[in-house]
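Here subunit A shows up in two complexes: once beside subunit B, once beside subunit C.
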Partner chain A sequence: MAAADSPSAALRRRDLCSRGIRLAGKMRVDVIDLLDAYVERQGLDVSSLDSSVAAVEGVPLAAVERWDEQTGTQRLLENLAAYRAFRALLAQMLEEQREQLGEADAGLGRALASVLLQVSAFTYHLEELLRLESRGEGEEEEDRPAPPPRLSIFEQKLRGLGVLRELAQWAVRSARDLRQLSKPSPATGTAAGLAESP
Partner chain B sequence: CHLPAGSVWCVGLVCVPPQVSWIRDCPIQYEKVGADVTMKCGSMDWDAAVTWTVNGTDINESLLNGSYLILKNVNLSQSGQYACYEGSSWHLKYQTYLRVGMPPKEPVLMCRSNNYPKGFYCSWHLPTPTYIPNTFNISVIHGTKDMVCERDAIPKNRCHIRYLQLFSTVKYKVTLTVTNALGRNSTTLTFDEFAIVKPDPPESVVAKPVPNNPRRLEVSWQNPSSWPDPESFPLKFFLRYRPLILDQWQHVELSDGTSHTITDAYAGKEYIIQVAAKDNDIGTWSDWSVAVHAHPWTEEPKHLNHGETTSASTSSFMAPPTTKICDKGAVVGSGAVAVCWTAGLVVAAYSVLFI
Partner chain C sequence: MYLDRCKRRLKSSSAVNPAVISPQDPTLLIGSSLVATCTVSPDFPLRAEDLYWTLNGRRLPAASYTALGPSTLSVALARLNGSRQQSGDNLVCHSRDGGILAGSCLYVGRTTEKPVNISCWSKNMKDLTCKWAPGTEGETFLHTNYTLKYKRRWYGQDNTCHEYHTAGTYSCHIPEDLALFTPYEIWVEASNRLGVAVSDVVMLDILDVVTTDPPSDVHVSRVGDLEDQLSVRWSSPPALKDFLFQAKYQIQYRVEDSSEWKVVDDVGNQTSCRLAGLRPGTVYFVQVRCNPFSIYGSKKAGIWSDWSNPTAASTPRSERVAGGCDPKGGEQNTTLRRELKQFFGWVKKHAYGCSNLGIKLYDQWRVWLQKSHKTRNQVGKEPFALLLPGWAGPGGAAG
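The block that comes next holds the complex of A and B.
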């Protein structure tokens, strides 16, 4: 077993997990607030848009089958891929927001920027956790995805709604993933999940 | 016992096929409360002499129109077995069970996950009785996928769904249709995975006095046993407590652990304590746990002899049980009362409590 089994690595992992759980919790609260503000400011009728927002292209879905059977590495890699995508999507949203509203709605822009910052911090946490595994998987950020096609303003709003909804869902999933990761393994005293990684 | 083929039932000028099912070769005729019912005596002519009975008792001829039996504005008490006999031969010509009832109103449907992330259940009932058999059909759709809702043997008005996906933003749509011989109705619920998460109340709530601390009570409890994975899906808790003699609750929200020490109890007062649970991030609060009662620690009155005492009252003016006298530090369960067995005087009679 790699460095993942040393007591200091186990401690470090547990610390990263518990801080990650707190970050995810805060992020969810902030994203829910932002979602409410976003819907209001953009003048969206959420109930009539449910089906259109269900799956917005390029937005990573938090929905997962057989969640309890996932390995630790799988959890980290899926989380990392999702938050990297959210980082790009939120940056794009922020840019579009500035183009559309300028300084007219600085509050919404600030809230978006704050969530973007939290997503970046969370991504860093996930990278650290993966590094602790010393397996090199997913450590390097993949090539940045191609910029999304130019959308109409309504489509931008719709995508923004989809991004925030899915991010709120991911924040819950991530906290649960990290709790799974920080469960002590009965045999080694290390975190469960990581040891069982393929 | 038979129903003539092609027979129809007429109310006023409107003739409709009867709502009929069969029991032991005899038709059951369902009619709505308040309906006018006309029964024909099998193939007998209108002017034939016949006798009608209900549950074996002759029916007054004033209810007949020729050989037809006319029941106006039927009510529930008119349900029963109706039979018609040919006048001279007393041959049975027709027999039916009349069941008077109501079409179903919109059913009440509720879905809830008390064992997240395993699944959820839906249960239902009718707001008013129909007095006749109903069948319930439930369909659960997640996005475009049909899901299986496994029915319980008991209670029959509940079924369980296992989550195929977790953390999904796609809504669940549950449709319940109720059908009986007189009509059908349905209701649909649409909800998010997270919105229906509601744990059962915490269990084994225990409140103990803290020795030498007249203002403290130590409260502990356990996660609801139906909550399958509290480690990955931790619960937070809400504690409420009040002295029995006051209406105002004090509240404390606790995100860690399954115990709490109340530090601002009124000395000597009996307290009532309840706990509720909620998933850390999602869903709604559980119902309150079963109430437990407890007194903070009180100094044993020195002027009393230790005599045999029996105290089983919840009155706040009775002396609270001390750990020494009662040898019972904890009080568990709903409305539990400490019963103290010592020899001698009734302690309560000498106790005056101050807030």
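The block that comes next holds the complex of A and C.
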């Protein structure tokens, strides 16, 4: 907590938060573009799929109840867990894409790789913020979960759609989480969310 | 709700599939027919009449359905077209409320053709790049994978090229040194879900397909004050200096405000050339390229390098057009006659008895003429001198 209270740490946190907000904004724009391309290349009729891909195994949901009541640490930990999961899911999507289409759809592959890179960068950003908090939680990545079972090609398409849709939602939520974290606490002058962390 | 169960299935991989489509992800030839079945798991209280099919999001007509059992519905697809996307057409079995029970991707296309027109080149004998064209019958609608293979003739083992798309869509680059003085066999295998097609084998010797870097030190300079000439100099390709070879060169040049190049292709193996008949007071861009041939006695024609980066230079401004007014034909004739008269007078005086009367002598006279004009008129600075990057200023030695 000491680190969180010092003025330099507060400054660093504010800097990390504002850069994180920019990263999240860029990520959202790129994911939306990628989603359009993905739907087109996979021949998916989005209107008929809307409800069917609402929840896909292993994809963290951005939807949250009582968001206002979350502490700063809670926000960071949930974000970190989500982006670590997205990193693994996107890497798998990229591998499947290469397996099936090789270099034939290099544009989609490049866009996917670019979003994966942004997710990795954002994950690192969140780890930095948590480290600043000196809490240690989330610093070490948990053991990687066992790879999901082999899906049929159509199931892979649906899962990809679910991953990108949810990632776009997370980008919005993360920007708001970071904005919340960067607000100075009236009592200590440090970030409100973090200061009230349990 | 069935859909919720489907969602739960996606959430938990160990859960039972709500339905199964057979065949799963089939590959078919264009024009063929398919009967697919959707069988709902006994865990789900759905009957055949509760189901419907879509293909790429479009509902298929009920007339093409057949109930094969209480919970199995088939659909017949006749004369299939090529797949709309290379990732496969989406054939989906839905419950009445629109939920997805199962999906299968159909890959409909034609067999790939053998690649044709394989051509290869080696840059400085350090590597080999080959390109080819896919077959000629058009789209196969299926993702085609190309593999370039090569081996030394007679006793080599097959090798596979790994760096694709380096010189266009259908190309591959072999970065390592290949053996010289031995023929190679090169071929391309095209494969898609319907099979493999192998190109004819191309036989080549690396020495026969060598190209090199474009000349990098191209200098363009004025020929004294001659307003219609520029001198171009360059060096032979350094990467090939240790090899026994011949080189021929080509030059192309254009005026600044035109995109049309004029090619000088009779340069031979010289490393300098004078461009004549140019417009006075004009900026020219010049490029040179090299064709190394007869490497170690190879009988092949050699392969031209890329063109060098353009080098710019300007010809001196002509005093006759200094006013910006183009002389009329009649005036030109008069000027020419006057110049010729002057020229012969000058020959009598300065080159009397000289049997080597040629264009060089004429050039010397033009230099002399320019100088004598300059002394009279004190011509100002060349406007281009201050403007052009890479500009070769006056003072270049007369060829």
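One rule holds for everything that comes next: the second predicted complex is superposed on the first by the 197 of 198 C-alpha atoms of A that agree within 3 Å, B and C clash if a C-alpha of one lies under 4 Å from a C-alpha of the other, contacts with A are read in each partner's own complex, and residues count from 1 in each chain.
Going forward, a contact is a pair of C-beta atoms (placed from the backbone, for glycine too) under 8 Å apart; a residue touches a chain by one contact, two chains touch by 3 or more.
Just so we're clear, the structure is a prediction, and the values are computed from it rather than from any experiment.
A.B. asks: Look at where subunit B and subunit C land on subunit A after superposing the complexes, then choose clash or fit.
C.D. replies: Here subunit B and subunit C can both sit on subunit A without a clash.
A.B. asks: Touch test for A:Lys183: subunit B only (first), subunit C only (second), both, or neither?
C.D. replies: A:Lys183 sits against subunit B, while subunit C stays out of touch.
A.B. asks: For the overlaid structures, how many degrees, to the nearest 10, lie between subunit B and subunit C at the C-alpha centre of subunit A?
C.D. replies: The vertex angle at subunit A equals 100 degrees.
A.B. asks: Looking at A:Leu44, would you say it contacts subunit B, subunit C, both, or neither? Reply first, second, both or neither.
C.D. replies: Only subunit C; A:Leu44 stays clear of subunit B.
A.B. asks: So, A:Leu11: does it touch subunit B (first), subunit C (second), both, or neither?
C.D. replies: In the superposition, A:Leu11 contacts neither subunit B nor subunit C.
A.B. asks: State whether A:Ile153 touches subunit B only (first), subunit C only (second), both chains, or neither.
C.D. replies: Once the two structures are laid over each other on A, A:Ile153 reaches subunit C alone.
A.B. asks: Does subunit B (first) or subunit C (second) touch A:Glu166, or do both, or does neither?
C.D. replies: first
A.B. asks: Quick one: classify A:Leu117 as touching subunit B (first), subunit C (second), both or neither.
C.D. replies: So A:Leu117 meets neither subunit B nor subunit C here.
A.B. asks: Using the superposition described at the top, determine whether subunit B or subunit C touches more residues of subunit A.
C.D. replies: Looking at subunit B versus subunit C, the one contacting more residues of subunit A is C.
A.B. asks: Would you give the minimum C-alpha distance from subunit B to subunit C, in Å, for the three-chain superposition?
C.D. replies: 9
A.B. asks: Could you pull out which residues of subunit A sit against subunit B in one structure and against subunit C in the other?
C.D. replies: Common to the two interfaces on subunit A: residues 54.
A.B. asks: Taking the complex as given, what residues does subunit B use to touch subunit A?
C.D. replies: 117, 143, 164-171, 194, 231-234, 280-282
A.B. asks: Quick check on the complex: what are the subunit A residues that touch subunit B?
C.D. replies: Checking each residue of subunit A against subunit B gives 25, 28, 50, 54, 61-65, 67-68, 165-166, 169-173, 175-176, 179-180, 183.
A.B. asks: Which positions of subunit A touch subunit C when the two form their complex?
C.D. replies: Residue positions touching the partner: 40-45, 47-49, 51-57, 100-106, 148-149, 152-155, 157-159, 162.
A.B. asks: Would you tell me which residues of subunit C are touching subunit A in their complex?
C.D. replies: Those in contact with subunit A are residues 3, 6-7, 10-13, 24-25, 54, 56-58, 84-90, 92, 94, 98-100, 102-105, 143-145, 164-165.
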